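Chain lettering (A, B, C and D) follows the sequence in which the chains are written, and residue indices restart at 1 in each chain.
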Amino acid sequence: MHFRDALSSSTTVTVTVRAFARYAEILGLEETTLELDEPATVSDAVKLLRSSIPNGSRLPERPLVAINREHVLAETPLQDGDELALLPPLAGG
Amino acid sequence: MHFRDALSSSTTVTVTVRAFARYAEILGLEETTLELDEPATVSDAVKLLRSSIPNGSRLPERPLVAINREHVLAETPLQDGDELALLPPLAGG
Amino acid sequence: MSFVTRQPIDGAALLAQVADPGLGGTALFVGSVRRGKEDGPVEAIEYSAYETMLEEEFGRIVTEIRSRWREARVVGVHRLGRIPAGEISIAVAAAAPHRAEAFAACRHAIEEAKKRLPVWKKEIFQDGSEAWRDNESRLA
Amino acid sequence: MSFVTRQPIDGAALLAQVADPGLGGTALFVGSVRRGKEDGPVEAIEYSAYETMLEEEFGRIVTEIRSRWREARVVGVHRLGRIPAGEISIAVAAAAPHRAEAFAACRHAIEEAKKRLPVWKKEIFQDGSEAWRDNESRLA
């Protein structure tokens, strides 16, 4: 029962979303907060951003992403308090 | 007939021989002159050095050699005035 | 030392940082802003980054190199902000007992840096126009 | 410029010599006198050479590199005489439009130099003893 409670839609995770370079230009913001029903993955967060933020649909469906300053895959689950970063194609060096 | 004259043993080549590093130490000299019957190769010059110079037999039979400051093989023919260098195993860098 | 700088990069300083009498070979790579030809003459490139991640990611690259080439010493620096054509944007140096490891570790550092560092660049052309530019969009 | 010097080598000077706004990648290799372990602590190495051939042979290596990597710029310098442990004996730098060619040209220059340059070294140990040392006799 307790397990089921934890997965119910009443539990949410809140993440900080950061956007850089051309993604920051597209969205017109560098940082925002997103609340998602648990369990949520990076992919769920991107879907929500693409549908709920002005110009969000101009983001790619599978952008490069980092959680807490480490590259991660789209399937990675989000935890409350995570810093989710949307990274345009890299151009270091 | 002319061709045969040119190859006769009365014609010789004179080369300057230079020795470096441990070969100079072995031979006790850095430079000498060698006269060889034509036609003569690097290999002939090394043979003559090994048999005629004190400690010459301590040189290898096929040392690394250069003619006129370019690496060459033992079979290379010598020409009058050549600078023949005896090079110990290289250690550059 | 911080991996990020906003000042001109001094390649010799990196050589000095990895120098060690037990390490006989040192390889240094420096990447510079190319004047370029493809889209017109580049005046400068404006580099921006996710700076906290940039530091951490380069730290992870260094850790990986140390676990693979145990005797190697590696350092690097990335300049951010507006960098005029001809000036250095990134430098990595690796010292090792022998040259093969020094080259391998240095090459690994720059290849991983290019693939993984959260850095972006906007080319500023001589006519004043600007364009985002990534490492996939043209040969980098 | 002469390939041979008897003064300490400045790696940064080589970087400056090959720098060009059209060449985005530069690789530099510096080889130093290792303190060593195999035969005891090395105090210094005395380098001698067939100097006229040394200059010509390095010139041929540069010519070969230019014919293979047409846009590359290559320079090098070899120090002769007594070089204390920890100091640089040889440095080669190659600049090219992109990093792959810069690394390849630089690596080629040092590998050919090690194989072909008429240079010899005598190790001088801390106990005052000396020994000729070539690139085949131990891992170099």
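What to note about this one:
FYI, a residue touches a chain if its C-beta (ideal position, glycine included) is under 8 Å from a C-beta of that chain, and two chains touch if they have at least 3 such contacts.
Predicted model, so just to flag it, every value in this text is computed and none were measured.
Under the touch definition stated at the top, chain A and chain D share these contacting partners: C.
Inter-chain centre distance (chain B to chain D, centres taken as mean C-alpha positions): 29 Å.
The centroid of the Cα atoms in chain B and the matching centroid in chain C are 51 Å apart.
One simple way to say how far apart two chains are is to compare their mean CA positions; for chain C and chain D this gives 23 Å. Contact of a single residue of chain C with at least two other chains is seen at positions 31, 110, 140.
Listed by chain label, the pairs that touch are A-C, B-D, C-D.
On chain A, the positions that touch chain C within their shared complex are 18, 20-22, 66, 69-71, 85, 87-93. Within the complex, the chain D residues that touch chain C are 10-12, 15, 19-35, 85-86, 97-99, 102-103, 106-107, 110, 139-140.
Chain D meets chain B in the complex at residues 31, 48-50, 52-53, 56-57, 78, 89-90, 110, 113-122, 132-137, 140.
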